[in-house]
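When the chains are written out, they are named A, B, C, D and E in that same order, and each has its own residue count from 1.
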Amino acid sequence: MANAFVAAFEILSFGAIIVLIVLGLGIIASMMGIFNFAQGEFVLLGAYITYLAYAKGMPIWAGMVAAPFVVGALGFVLEALIIRRFYAAPIVAMLGTYALGLIIRESVRGLIGGFYLTVPEPIGGSIDIGAMHISAWRFTIIVITLLVMGGCYLLLSRTSFGLRVRATLENPSLARASGISTPLIYGATFAFGAALAGLAGALIVPVFSLFADLGLRFLIQGFVAVMVGGVGSFIGPVAGAGVIGTLSAALPWVMAPVVADVLVFVLAIVFIKFRPQGLIAGKGV
Amino acid sequence: MLKSMGAAKQAVQVEVGDEMDVPVIDHAPAERGTARKILPIVEGVVLVAALLAPLVLQDYLTVFATRVIILALFALSFDLVWGYAGIMSFGQALFFGSAGYGVALLARDLDITNIVLVLPAGTLIGLTFALLLGGFLLLGRHPSSVIFVSLGTLTGSYAADRLARGWYYLGGQNGIPSIAPMSLGTYEFTEGPAFYYLVLGILVVVYLLCRFLVRSQFGLALAGLRENEQRIAFFGYKAQHLKAIIFTIGGAVAGLAGSLYAFHEGFVWPNMVGVVVSTQVVLYVLFGGSGTLIGAVIGTVIVEGVSFWLSDNYRDVWPIILGLLLLLVILFRPLGLISFVLGERERVGSFGAKPKEKRNAAP
Amino acid sequence: PAPWANAAEAPIKVGIATDLTGPIAYAGNADANVAKMVIKEINAAGGLLGRPLELYIEDTASNESVAVGNVRKLIQRDKVDMVLGGITSSMRNAIKDPIVARGKTLYIYPQLYEGKECTPYLFCTGPTPAQQCDEFIPWLIKNGGKKFALPSANYVWPHTLNVYARKVIESNGGEVVFEEYYPLDQVDFSATVNRIVSNKVDVVFNTVIPPGVGPFFKQLYEAGFLKNGGRLACVYYDENTLNINQAAEIEGLASCLDYFKVLTKENPFDAKIQAAYEKDFPGNFLFAAGSAATGTYRGLKLWEAAVKEAGKIDRESVAAALDHAKIAEGPGGPAEMVPGKRHCKMKMYTAVAKGGNYEIVARSNGLVDPKEC
Amino acid sequence: MPEFLDIKHLDAGYGRSQVLFDVSLGIPWRGGVAVLGRNGAGKTTLMKTIVGELPAWKGEVAFDGRDISRRATQERVRAGIGYVPQEHSVFARLSVRDNLAVGSLAAKDASAIDRVLTIFPKLGQRLDQPAGTLSGGERKMLAIGRAMLGDPKLLLLDEPTEGVWIGVIEEITERLIELAKTIAVIIVEQHLDLALRVADYAYVLDRGRVALQGAAGEVRGNPELMRYLAP
Amino acid sequence: MPLLEAAGIKKVFGKLTALDGAALTVGENEFHGLIGPNGSGKSTLMKCIAGAEVPTQGKVSFVNADITAFTPTERARAGMSLKFQITSVLPSLTLYDNILLALQAQCSLLDLVFSRTRGALHDQVMTMLTQFRLANRAFDAAAALSHGQQQWLEIAMALAGKPKLLLLDEPTGGMSLEERRVTGELLQPIKKHCSLVIVEHDLDFIRDICDRLTVLDQGKVLASGTVSEIQANTSVQEIYLRRA
């Protein structure tokens, strides 16, 4: 019983981590039609900023708060300078963002010397319930993920920002002809997606430690999650990430991890093949 | 994925004139007249350069050039699939690498290294894998979207990479080292000018075949596919079959390249089926210019050459510089370096001009 | 001016091929630095056979295909007399053919590894499974317990090492509760941790590598493994890897290597090279055993000894001399090649992490045999 | 007094090919103006240049006394220009409701949507359907409705009745006539009758140049007209 | 035996029943007009016939064969050709290539690969382009055409395949009176070898070229018959007075 509870918690918490990482990726993919290969590096930057704060002796939570803003601002700038030119050609966008990611990743690698560096949790230790130990930080991540998810949903569904974003990405010239400032919307959406990645990086760095390939590690999983969930809505990728995350944490409980690893991807592809619109067909938020 | 023709059209429309600074398709008449002749010139120059290379290059550079040519062959396979049919195969390495592994196993376990056997075997392996994966991804009730195919192939190659790493028989992470050289009777193809001219010959033959194919009416059907698959289906084309065919041909060429590569380098390793090499080939082609066969070759030569040079001269930061260069090209030359000399019309290809000339020649 | 400024003879060329970029660049750069240091030292002492040494460094970039190209540069363009390098086994596999078989050059591989590399002209100067397990595992059983778990990354080194380790564990009265393999980049280990805790494992003999190892140890810690008296063991852990986790999460972790930095306190020669290294290369790239820095040092010095003995530089003669080369001083102590085996005897140390630093808790009596080939 | 929308010596085109040549147009504060011409004459191009989707190569576009030829589309729209494009005139993946909501982003009063729905009751039954699945005529209605929601001072309509059922065309015409009493309306239309009922004044384009202009009745009666409209 | 017979076609989109037992019968060499208010299901019916939509219920037979389960490709190969209401030319190909693509659709794979038919089709392409007054733009990209010009190109493409049955969904949208007349003239000659179903709102145009009419309203057939029968039909007159 206790065992099952711990198992459930652990699986859920990894699911939450994947959801957190995929949130930004999903927003950019669904809303902008850009499969951002540099998204992993935004996660990395968020982690790096948190590490910097820690290394400079500042409180870690300060770094965590700063990370989404800094990464978001960077996202805004990059959108205006680079990403903007790619909307017409999604495949070129993949390659362009790939190159961008390469640059960021290798630069960070240079900065941290290619090492694996630990960053302590602001809320460390474990919560003990009887004989069970539950990581306090993983618990915090679950809570924050839920909050962020709810916040994003409200932002996109309840405010006219969401409407503007969807209109712009659907038909930019018509959006302009409806008085929407498309450059601003593009920039804001991309920045928002980047900021979410930055936040994800900040939150997961205590769990996984900082290393240059931190973001890359989750990228393909993220893409698969977006596909499984369904492009075109906010909910889709989130659902997909939940499924992929929990599946890849749960399968090793029942089979050889090496098999589980490949199986997740095979299952995902087969699923998409027979349900190309994804878990949640793309409409609305 | 696109639900209605309306949506399909809409998607296309975005491509044409959405941002004001996106250049709208040029069709100045002057360009049509002159540009047509540039492509053969470029091809000729490249061929002559390739023929002369071993004469002027030092030995180790000839070996390097051999590798580049094999990779160019690989790039060709991707260009055929993406540049001409619009199928984004982000997992092209799967066919390249599986053929490499296949021939490595032939050499290791069965002592088969005869060129007459191994190259067809490698080609066949690439073809088979492409047929299977392509059949799965491209055929079926729902027309598959570009994004689905790209991520599907990417995932396929990612999974294969992990499988190769995990499977002991294939040497796991360490791959299969020390593959015996390819042979013909008692002659052994070791790295050097002989190997170079062998692969150059193969490249030229495959190039010409591809060129013939993409300029045929079949090529026009592919161009139509790339534009709007559904529309093509309504004309009565078996769109999915066409896609599967070209995808399989691409896989076969990749397989041929992969088997040459395995013998030339003397080892195979998991990255060869994985995402790293898959992305690499996409970069070659985009860098050079997709949709022109020669662009794929030029792209490979330049990307490989530049990395070779950079890793010599900027040892610590060369990946960053390479990334910057890629980004700059993608940003300012989204159609690849070849677009410096080639007009849009010639790149997309036009099928109308030919017969007119022919008719004039033979009244 | 250097003492050989007027020397008529051309320099001897040493090639280093290592990961200067990519995920293990920290190790590759350290190795390159060590090579620079050793070559400088030899040159300062008048060179070798009256000839200066010239160093050629190429990047293997953690990418086998780049590596092969660059190694060819060393051999075919620069015509080096010897190549030292490659860190991972897959890299060694990729470049050994171009060096040894096709390039007809001598190759020294400096990293600790799984053994079984018996290619002629390929000399290994890092520890082998026998050297890392023979004394270490009995110590673990005494200082940890009998029940072992072998969680491992799924590649050749852990597989081969585990075969050996299991033999030693069982012949010393221990028991392997489970041996399990994970994808190299797995980062969630809840299932594994659960098995470890619920099976009351005493010693986790870990061969999971980064990036997985950090989260793995953290999850173990959070599940109370250490609190309940469990012991972590990991034979590649050196000073570089200490930072992956917070000190508390790896308290008591035991490692067995040919060198730890704490040895500088007791061993003047170690203090000397460590100081020399840090003076020349103050940055981040540490002189540590797990990143092959010590193997590189040892390899170059053994090769120097062999060249001196041979009096010539052609591959046959040097290989013949290197076959039984010895050095009286090296990182962690003396070293000597086992004749006919192309592997190296060296001293081994067991250290335990305490508060983020290592303490030496055991050492071998004399040189340990690699037991290879 | 300057015209409300004053276009002088406008050149425009795509890439390197010029489509409009020295077009001058004046639109009064209120009232309808028709732009006529055969396929490919440059009507759509003119409309796109007015809203700023295409840059003007040369010449001047003044709106409400200010030069707007360098302004971005959205600024022109916010300044009071409404636009119904000829193609892709709805957000295909957004629901009808959201399409209307986009139209009313700038509108002050919420009842505006209801008014549109009384004009086009058909839309009321389709509120939750993605606009891309609407029938051709329904789309046009939606597009017109959306543009009207923005309370424009100048409304540009590029073939608003293409594919619309005759019964509805009549309705639209009446609305436009009514609208033209308070704001300026430029209409590109193939239904000559409709266009000239809405418009007081008409311009006829021929290969990118203004070939004919004058009061609606005059143009209608001009014997040249049919020649300019024939292919 | 009619060329095309669609019977009892029902199409449901979610809650909406777009077609509710609609039927359409077209004989050989017949020009058939399909009219009705916006949203009455005309385009949907066309799509069901051409295979772009799968009807929820009903049966389509063509040249004496049941084609209900055919894919669009198979229907096209059986001799059907559709012009969509929303123009969908292949934008970055030239006009020439657009037409050629339509013309060679039925060639065998080998013919395509060895370009055996290219020379023979050249004249046809040029004839089509000349007929539709697009010859001078033959080597421009289709994206550079105005809306009306794209309509013409689409009609040309639909005609190119020499179909037995041509389905045109609002081919004259965006055309002036004169242009419509010309289109009508271009369509007349095909009557010899081809039947036509045409959706139009312009009744004058329809009257001029069609033999028979079917009137759809809210997914049902309101009336079907010759032009004069329909004109006399009171319920048809009624919907013409009613607002959509």
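The criterion applied here is as follows: contacts are C-beta pairs under 8 Å (C-beta built on N, C-alpha and C of every residue); 3 or more make two chains touch, one makes a residue touch a chain.
Keep in mind it's a predicted model, so treat the numbers as computed, not measured.
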Subject >> Selected pair, greater C-beta contact count between A-D and A-C >> reply: A-C
**OP:** Starting from the Cα centroid of chain D, hunt down the chain whose centroid lies farthest away.
**Re:** C
**OP:** Averaged over CA atoms, how far is the centre of chain A from the centre of chain E? Could you give it in whole Å?
**Re:** 47
Original post:
Just how far, in Å, is the C-alpha centre of chain E from the one of chain B?
Top reply: 40
Subject >> Intercentroid distance (Cα basis), chain D paired with chain C, Å >> reply: 75
Subject >> chain C: positions in contact with at least two other chains >> reply: 21-22, 29, 154, 181, 183
**OP:** Scan chain A for residues touching two or more other chains and write them down.
**Re:** 106, 170-171, 173, 258, 261
**OP:** Mind pulling the residue numbers of chain B that touch at least two other chains?
**Re:** 6, 9-10, 15, 17, 25, 27, 162, 166, 316, 319
Subject >> Touching residues on chain B, where the partner in the complex is chain E >> reply: 5-6, 8-9, 12, 15-16, 25, 27, 32, 213, 215-218, 220-221, 223-224, 227-228, 230-239, 245, 345, 348, 350-356, 358-359
Subject >> Of chain C, residues touching chain A in the complex >> reply: 21-26, 29, 154, 180-183, 185-188, 190-192, 194, 198, 210-211, 214-215, 218-219, 222-224, 240-241, 243-246, 283-285
Subject >> Interface residues, chain A side, partner chain C - complex >> reply: 3, 6-7, 10-11, 14, 106, 109, 113-118, 120, 125-126, 133-135, 207-209, 211-214, 217, 248-249, 252-253, 256-258, 261
Original post:
For chain E, which residues count as touching chain B in their complex?
Top reply: 50-52, 71-73, 76-77, 81-82, 84, 86-94, 96-97, 100-102, 104-107, 109, 111-115, 117-119, 122, 125, 138-141, 143-144, 157, 161
Subject >> Residues of chain D that touch chain E when the two form their complex >> reply: 14, 17, 36, 38-41, 44, 86-87, 121-122, 126, 129, 133-138, 141, 159, 162-168, 171, 190, 192, 226, 229-231
